[in-house]
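In this document, chain identifiers A, B, C, D, E and F correspond to the written order of the chains, with residue numbering beginning at 1 in each.
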Amino acid sequence: MKYIDEFRDGAIAQKIAARLAAEADPARAYAFMEFCGGHTHAISRYGVTELLPPNVRMVHGPGCPVCVLPIGRIDLAIHLALERGAIVCTYGDTLRVPASPGAGGGEALSLMRAKARGGDIRMVYSAADALQAARTNPGREVVFLAIGFETTTPPTALVIRQAAAEDLKNFSVLCCHVLTPAAITHILHSPEVRDWRTVPLDGFIGPAHVSIVIGSAPYEGFARDYRKPVVIAGFEPLDVMQAVLMLVRQVNEGRAEVENEFTRAVTRQGNAAAQAVVAEVFEPRESFEWRGLGEVPNSALQIRPEFERFDAEKRFGLTYRPVPDHKQCACGEILRGVKRPTDCKLFGTVCTPESPMGSCMVSSEGACAAHYAYGRFRDIPVVAA
Amino acid sequence: MKYIDEFRDGAIAQKIAARLAAEADPARAYAFMEFCGGHTHAISRYGVTELLPPNVRMVHGPGCPVCVLPIGRIDLAIHLALERGAIVCTYGDTLRVPASPGAGGGEALSLMRAKARGGDIRMVYSAADALQAARTNPGREVVFLAIGFETTTPPTALVIRQAAAEDLKNFSVLCCHVLTPAAITHILHSPEVRDWRTVPLDGFIGPAHVSIVIGSAPYEGFARDYRKPVVIAGFEPLDVMQAVLMLVRQVNEGRAEVENEFTRAVTRQGNAAAQAVVAEVFEPRESFEWRGLGEVPNSALQIRPEFERFDAEKRFGLTYRPVPDHKQCACGEILRGVKRPTDCKLFGTVCTPESPMGSCMVSSEGACAAHYAYGRFRDIPVVAA
Amino acid sequence: MCLALPARVVSLAEGGMDAVVDLGGVRKSVCVALVPEARAGDYVIVHVGHAIGMIDPEEAARTLALFGELAALEAGDSVWAEPFDKLRTGSVEALPPGQPASPSTSSGRTEVMAP
Amino acid sequence: MCLALPARVVSLAEGGMDAVVDLGGVRKSVCVALVPEARAGDYVIVHVGHAIGMIDPEEAARTLALFGELAALEAGDSVWAEPFDKLRTGSVEALPPGQPASPSTSSGRTEVMAP
Amino acid sequence: MSTIKKDYVRPLNVKTGRVDMNHGAGGRAATQLIEELFLPAFDNPFLRQGHDGAALPLPAAGRLVVATDAHVISPLFFPGGDIGCLSVHGTVNDVAMNGATPLYLSASFILEEGFPLADLKRIVDSMGAAAREAGVSIVTGDTKVVEKGKGDGVFISTTGVGVAAPGVDTSGANARPGDVILVSGTLGEHGVAVLSQRESLAFETAIVSDTAALHALVADMLAALPGREGDLHVLRDPTRGGLATTLNEIARQSGVGMLLWEADIPVLPQVDAACELLGLDPLYVANEGKLVAICAPEAADAVLAAMRAHPLGAHAARIGAVTEDPHRFVQMATKLGGRRVVDWLSGEQLPRIC
Amino acid sequence: MSTIKKDYVRPLNVKTGRVDMNHGAGGRAATQLIEELFLPAFDNPFLRQGHDGAALPLPAAGRLVVATDAHVISPLFFPGGDIGCLSVHGTVNDVAMNGATPLYLSASFILEEGFPLADLKRIVDSMGAAAREAGVSIVTGDTKVVEKGKGDGVFISTTGVGVAAPGVDTSGANARPGDVILVSGTLGEHGVAVLSQRESLAFETAIVSDTAALHALVADMLAALPGREGDLHVLRDPTRGGLATTLNEIARQSGVGMLLWEADIPVLPQVDAACELLGLDPLYVANEGKLVAICAPEAADAVLAAMRAHPLGAHAARIGAVTEDPHRFVQMATKLGGRRVVDWLSGEQLPRIC
C-alpha cells in the first residue's frame, strides 16, 4: 500500500529511535500531548512507546470525537430512536458509548443496547449512506447522528446540501461536530497546565487529518501565544516518531513553532473546497459541552438557519440535558492529560471494553481502551533477575 | 361436550342406519344435495357414507364460502398486501386459495405465498382481531378480507359498526359475503337440474348455522316452487343421518316441505339481532361472481354508502377483474353437483391439498379435499374373494 | 368455514357485550352482542369469536328422544364391521390388499384372506 | 474516528463527483466532491467514503528521504529485542513471569530465566 | 506489585441485561456468556474441556445413534415446559425412538439481539435440569447472535448421540401386516398447551404439555422382550403432524396400510374440546412425550404391559393394526361406526409448536 | 381397476417456488422437501434409513468426538463459498481440531418463510458436495420453517461426530511455556470476502473465502509425529474473532502467555488493504480454512514441514511461542519493532460472518 507501508518500516523506526535516544537529553523529562486519537491508536498498535526514550512521555489528548461526546447527546439519539420512531444512522464507533444510567432498567443504555430493544439504529460507513436510508424510507424520519472533528464535518455538510437540493422531507442531522483549536486552547487554559503546572506539557503533536481540512495555520497562535511547540504529524507510526523527534529538537533548542511533518497531505491553508461547503452549511455554536472539558465556548458547529429543516434539534424540538459522568470515571482528567488510565479506580475492573463506564474505554482511540487493549503488559513490574 | 357428544353417538348411528336401510326403497335411487361444506365435512370425517344405504347418494353442494370465492377476489387481496402495503387480515381457510396463475413468477400465488413474498397477511380467528390490528397499527392500512355466508356476516357487520363508532381511519373491509338462498335458486335453475335432469336432485339438506341467523323461512319457496324437500340439519353426524332419513321419508311419501331437524338452534325467523345489524351495515349487491356458478344476481352483500369509508373496494379504488378457472379444473361442475371429484382429471395427480388447482381442494369442507383426505379408500375396487 | 359450537356461558362481562364460555373445560372470551338474551348457564353457538345463536335445551332433548325411538334393527350391523373387529381383537393377522371392501361398491361381505 | 487512507484514483465517474479508488488491490467507490482537482492516478485521502485531501508525491518523497538520513545508530537496538529474538529462533524455551521487562520501567536489560 | 487489576470481568447482568451482537462475536463477551450462563447450567466434565468439541469415551458395543432437531417453538414458555427442556426431550426422544440409550447432547443456540438474559437463563437452566433428569450430558455447544428482526428470541438445535444394543432395530420401514399399533398415552396435549398461549387464540385450559424424555420407557419396553427385541418393529414419537402424520410416514416407509379404531385412541376430554373450538383434529396435534410402537402381534401384550407399568405409559393403548395395502392408506373405523382415511397432515395445522 | 391415481405429487418448484410454512409443518410438504431436495443432495445409506435419527456402525477404538456449530452468515453466498459448504467445513474443522477423523454430520435447518427454493437447492447441493469431498456423510437432519421476519433466509446448525486415535489430545488447555505456535496459512480471507459483499461496504476485491475442510491436513500433521502424537499440544481453527481471540482463549485455558512476531504472521496484501480501509485488524478477522497448532518445540519442524506439504498448509508459518505469564497476555513484537498486547476481540468486529 503506497504511502502507507513506507511509513511503517521497522528498520527506519529503529533509526529514528536511535536518533531520539541520542538527542533526548537524559537530564530532563519530555512530555508531549498527542492531541488526536489517531496518534494514540498508532502509538499503541505499533508499540511506539518501546521505541521512545524512557524520559519521553506521551500524554493522550482529547482528540477522539467519540470520547468527548457527552452522555446527553447519546441520550438525545436514543430518544429519537426509541421514542420518536426515527431511523438513527451513525458511525460505528458511537454505538457503544454509554448513555445515562438507569434509562435501560438498571444498566445504562447505549445506541447498541437501544437497538437490541427495538430501536432502528444503523451503522453507516459514510454520511451518504444515511442520506440513502432517507431516500429508501420515505415514510420514516431518518436522523444522522453526526460526530467528528473538522475531518468529518465536510462530508456531513455535503449531505445536508444534497438533501436540500433533493428537497428530502424526512432527513435531518443531529450535529455534534466539534472544533480542535478550541479544545487545545481549553487545555492550555486549564489550571493544571497553565497555573499549577501539575501537567507539564512541552508540546503538541498536531492533528493529521483535521489539518488536511483546516491547514496548519490555525495552530500558529498556540506556538506564538502559549510558547508551545506544535508538530503536525501523520497517523503512521514513523510520522509520530519523527514528530516526537522534531518536538524534542524544538524543546532542546528552545523553539516554539508550528512545524509540519505531514507535508505530503497538509498545507498551511488546508482544503478550500471543504472549508467552503462547511461554511455554507454550518456556523459556530456559542458553546458546546465536551466530555471531560465541560462547556467550551465556540468549540462546535451548528446547522445554519437556511438549512434548519435538516437540523434534528429543531425538527424534533430537542432540549439538551447535560448528564454527569460516572462519579469515579476519570475520563475528564484523562482527556485533559491530568490522569492516566491506570489512575482510574475503575480501569480494568468495573470498566473494560466489554462494559465501558466512560467514553475513553469505548473507541480504540480512547486512552483507556488503547491502554487496556494494547498496553497493559507495560503495567507488569519488572521482576529483578 | 354437551350438545356435541350426544350427536356423535355410534350406537344411535347404527339405529338410524338400520332405520334408513329399512325405509329406503331398494327399487329406487335417492340423490340429496347437502348444501353446506359443514355437512360435507361431517359426512367425510365421521364416515357417514358407510352408514347410508347404497342407493342413497349424497351430492356435495356449493356451500363452502372458500370454495365459491372467485380467483379475482383473491387477486384483489394480494394486490392490497403486496402493492398497496396494507395489512390484510383474513380467516385461515382463505390463505391457500390459488390466485391468478403467473402472478407469482410461474406458479400461482395465494395469500400464503404472498405472505412468504413479504406481504403482511395475518390469519385471524375473529373479525374483532382485524379491528384490533387496525387499532394497534394506526400508521398502516388494515383490510379485513371478509368471506362467508350469512353465518359469518353479522360479526363483520359488528366490526364495521364498531369502526365507525371509534372513527377508525385505517380500517376497511373487502366484503365477499354471499347469500345461500340465491345459490340454491341458481342450482335449481341450472340446465342440468331443471332441463336435462342429468343431475337428479331429490332434495336438500339445508344449512345449519346459516339458518340460525336467517331462520328456516327463506327455504320455504324452494319446497313450494321447485317441489324439492328441504331438511335443515345440524353439522353433527347424527343430525345429517336423521336429515337423510327425513328426506327419504319425504320422497317416499311424495312430500316437498321444509322440515327442521335442527330445532335446538334454528327457528323459523332466525336471529333478529343479527339480521338487524347486517341490514344496518350491508345492502344487497346487484350481482356477484361465484366460482363454479358464475355471476349470480342478488347473491351477495355490499357495504352501505353510509359506511363506505370502510369499504376497501371504494377506499382503494379497486376494480374487480374476473379470472377463469384452470381449464381442466372441474370445480364449477362439482359445486353444481354435476361432477364428482374423481371425475376431474387433475384430482389426486396435479391437484392435491398441497398444491390445489381449484378451490374445492383447499378447504377441508371442499368436495375434492374431503374426498381426498377422508374418502379415497372408497375408490379401491373390491377384489372378489 | 361455518364451524360453530355450542358452549356454556360462564359469566357475562359488564355491558353484556362479552362473555366467557366453557366448552368441555376449555374457556374462552367471546362476543355476545348478537345474542343479547344470553344469560349465564345458557348454551350459545359460537362462530368466529361471536355467539350467533342459542341452544334450546328442550328442543335438543326432543331431537335426542326422536333418535332413541328409531330402534328397529340391532346396532353393529355395518357390513364391514366384522373383519375390522377381528383385527381389533387380534383374531386375524391382516387384511389383504383392497380389503376390507367398501360396502358402497360391494353387494355383500368379502372374505378375509390371510396375506 | 479520523481514520483516513491514501488511495489511488482509478477512474472518475462522469460529473466528477464520484471516483473509484484503489488501495492495495481493493477497489471502492468514493465521493470526490471535496477534491475537485483530483485526476486518475492521483492519490487522495479517503475518510468516511469521501476524499478529503490529496497526497503530494514530492512531499512524501522528501519526508521519506528525511527519515533515511537519520541513520546514526544501528537498528535492532531495542532493549527487549534480544530475549524476543531468542524465543523466535527457538533458542530459549520460555520467558519467566513478568518477562520480557518493559524498557520504560527498567533501567537496563533483564536476564532470561529458564522457567 | 503489579498494577494490573485482577482479571476481573463485570458479571453478566441476568436481571435486566439483554443479548447484544457482542455476545455472538466470539470475543470476551461470548466467552462470558458461556462461562456464566451455559457452563453452570450444563456442568459436566466433557463440556468443561472447553474445546471446539467434546472428546468422549466410545461406547462398548452396539450401534451409534445420532439424531438432531431444531426447536423454534413460539411462545418460548408454555404450560408444562419451555424451549429449553423441549430441546432436550425432543432430541433424547429421537435417539430413544432408535431403540438407543441417549448419552450425549450438543446444543446450538441462535439468539436474537435484544433477547432478555433473564429469559435465556431460565431456558438454559431448564435445559440443564432436563438433561440431568434424562441422564444425558450436554457436552458441546455453539452460540450465535443475529440482529433484531432476523430471529425470534432463541432457536435451539440439539443433536443427540446414543448407543443401541445389538439386535434392536426400530426403523419406520419395519412394520409388517398383522403388526399391532400401540401408543403410550393420551394425544395432543403439547400442541394444545402451546396453542393456548397464542395471543390470537387466547383460550384457557388446564392442559399442560406432555414434554418428557421417553428413553427409560423404551428401555422398559425392550426389557419386556428379552432375546426377542427384534419383535419391537417400529418406534416413533408423534411430534409435528401428530399421530396421523407419523403413521402415514411409517405406512409409506414400510409399504403397508393401517387400520385404527377411533374409540381406542386415548385423548383427554379437554384436548378434544380445545380441538373442537379451533377446528383441529387431535390426531394431527403434536405430542412431545408420547410414542407409537408397532410390534409383532405376539409381542403386543408384553410391550403394552411394560408401557403401562411405566409412569409415562400409564395410559398406553392398542389402537390399531397394520394391513397389507398397496395404497398405504391409514384408515380409521370412526366412533360413529363409519370409516375414513386418516391422511397426512396437509398444509400447516399449527405454526411453530416445536 | 382402481380409480385411485398413482401416488403422484407435483414436484417441488425449485425454479420460482419459495419456502412456506407448510414445509415446516411435518406433513406431506415437509416430506417432499426432504425427499426432493435434501435426500438427493446428501444421499447416503444412513440418511436413507429415514428414521428420526441414524443408526451407525461404532468406530473400533479411540475417543468419540462431537462438535457443533450454528451458521448464520450473511450474505448466504459469498466469494469462495456459501452457507452450505461453510456449515460442513465449520463443523468438520471443529471435529478435526480435536485431532479426530470426522465421520458423520447431522444438519438442522431453520428456514424463513419465503426463502427461494432455488437458493435452498444451491445451498443444499453445496453442502452435499462439501460433505462428499470431506468424506463425511450427512446422516440425519431436521427442518423447521419460521414466519417471514422471524429468521434470515436460512440458518444451518451442523453437528459432527468423529473419532480420535488413542494418544491424541489437542485441547486448548495443553499449551506449555516454550511451545511453538504455528498457523497453517494466510489469515483473514474469509471475513474480508464476506464483508466485501455487504451492501453498505461495497468494495471490490479478488479475495475469496478460505473455507475448507482441514481434517486431512490434521491427519498429515499427526502422521508426522509417529508415536509421539501427544507432542501436538493444541489445535484450533481461528474462526470468529480471528487469530487473536483464538490465541487468547488458549492462553486462558492453558494459563500461559504468548509472544507473536507480527512480521512472521502471513496475511495477503489485499486482506491487509481491505482491513486498512475498514479500520479492522486482520488478527481479528475470521478464517474458515486455517488452523493454529501449538506443539512441543522439538516437534515444530516436523509439523511445519507436514503442513507445508499439504495444499491447505502451503503457507504455514511459525508465528510465535508460548511463555509463562500469570496474566496470560498474548503479546506481539510489532513489525515496527515495538511491542503490544494482542487482546481478546472486544465488541463485535464483523457481524454474522459464520
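Methods note: a contact is a pair of C-beta atoms (placed from the backbone, for glycine too) under 8 Å apart; a residue touches a chain by one contact, two chains touch by 3 or more.
Note that this is a predicted model, so its numbers are computed, not measured.
*Asks:* Any chains in contact with both chain A and chain F?
*Replies:* Output, common partners of chain A and chain F: D, E.
*Asks:* Roughly how far apart in rotation are chain A and chain B when fitted on CA atoms, stated in degrees to the nearest 5?
*Replies:* C-alpha superposition angle, chain A on chain B: 180 degrees.
*Asks:* A-D versus A-E: which has more C-beta pairs touching?
*Replies:* When the contacts at A-E and A-D are counted, A-D has more.
*Asks:* Taking each chain's centre as the mean of its Cα atoms, which chain lies farthest from chain B?
*Replies:* D
*Asks:* Where the centre means the average of the CA atoms, what chain is farthest from chain A?
*Replies:* C
*Asks:* Since chain E and chain F are copies that touch, is their contact same (over half of the numbers shared) or different (under half)?
*Replies:* Mostly the same residues form this interface, as more than half of the numbers used are common to both chains.
*Asks:* Just give me the whole-number Å value for how far the CA centre of chain B lies from that of chain E.
*Replies:* 38
*Asks:* What is the distance, in whole Å, between the centres of chain B and chain C, each centre taken as the mean of its C-alpha atoms?
*Replies:* Their C-alpha centroids are separated by 20 Å.
*Asks:* What whole-number Å value describes the gap between the mean CA coordinates of chain D and chain F?
*Replies:* Chain D and chain F have C-alpha centres separated by 32 Å.
*Asks:* What whole-number Å value describes the gap between the mean CA coordinates of chain A and chain C?
*Replies:* 76
*Asks:* What are the residue numbers in chain C that touch two or more other chains?
*Replies:* Where chain C meets two or more other chains at a single residue, that happens at 3, 5, 23-24, 75, 78, 80, 96-99, 102.
*Asks:* What positions in chain A touch 2 or more of the other chains?
*Replies:* 1, 4, 9-10, 14, 17, 49-51, 125, 129, 352-354, 376-377, 380-381
*Asks:* Send over the residues of chain E in touch with two or more other chains.
*Replies:* Each of 2, 4, 21-22, 27-29, 269, 272-273, 276, 327, 333, 337-339, 346-347 in chain E touches at least two other chains.
*Asks:* Strictly by the criterion at the top, what is the full list of touching chain pairs?
*Replies:* Inter-chain contacts occur between A-D, A-E, A-F, B-C, B-E, B-F, C-E, D-F, E-F.
*Asks:* Per the contact definition, I'd like the list of chain A residues that touch chain F in the complex.
*Replies:* Counting only chain A, the residues touching chain F are 1, 4, 8-10, 13-14, 17, 44-51, 96, 123-125, 129, 237, 352-354, 369, 372-377, 380.
*Asks:* Which chain D residues qualify as touching chain F in the complex?
*Replies:* 3, 5, 7, 23-29, 46, 75, 78, 80-81, 84, 87-88, 90, 92-99, 115
*Asks:* Which stretch or stretches of chain E touch chain F in the complex?
*Replies:* The touching residues are 2, 4, 7, 21-22, 24-31, 49-59, 61-72, 74, 93-95, 97-98, 100, 104, 106-110, 139-144, 146-147, 149-152, 155, 157, 159-161, 163-164, 169-173, 236-237, 239-241, 245, 249, 253, 286, 327-328, 344-352, 354.
*Asks:* Could you list, by residue number, the parts of chain E that touch chain A in their complex?
*Replies:* Listed in rising order, the residues are 1-6, 8-10, 13, 15-22, 27-29, 32, 113-114, 148.
*Asks:* Could you list, by residue number, the parts of chain F that touch chain D in their complex?
*Replies:* Contact set of chain F toward chain D: 177-178, 180, 202-206, 257, 259, 261, 264, 269-270, 272-274, 276-277, 279, 297, 300, 320-326, 333, 337-339.
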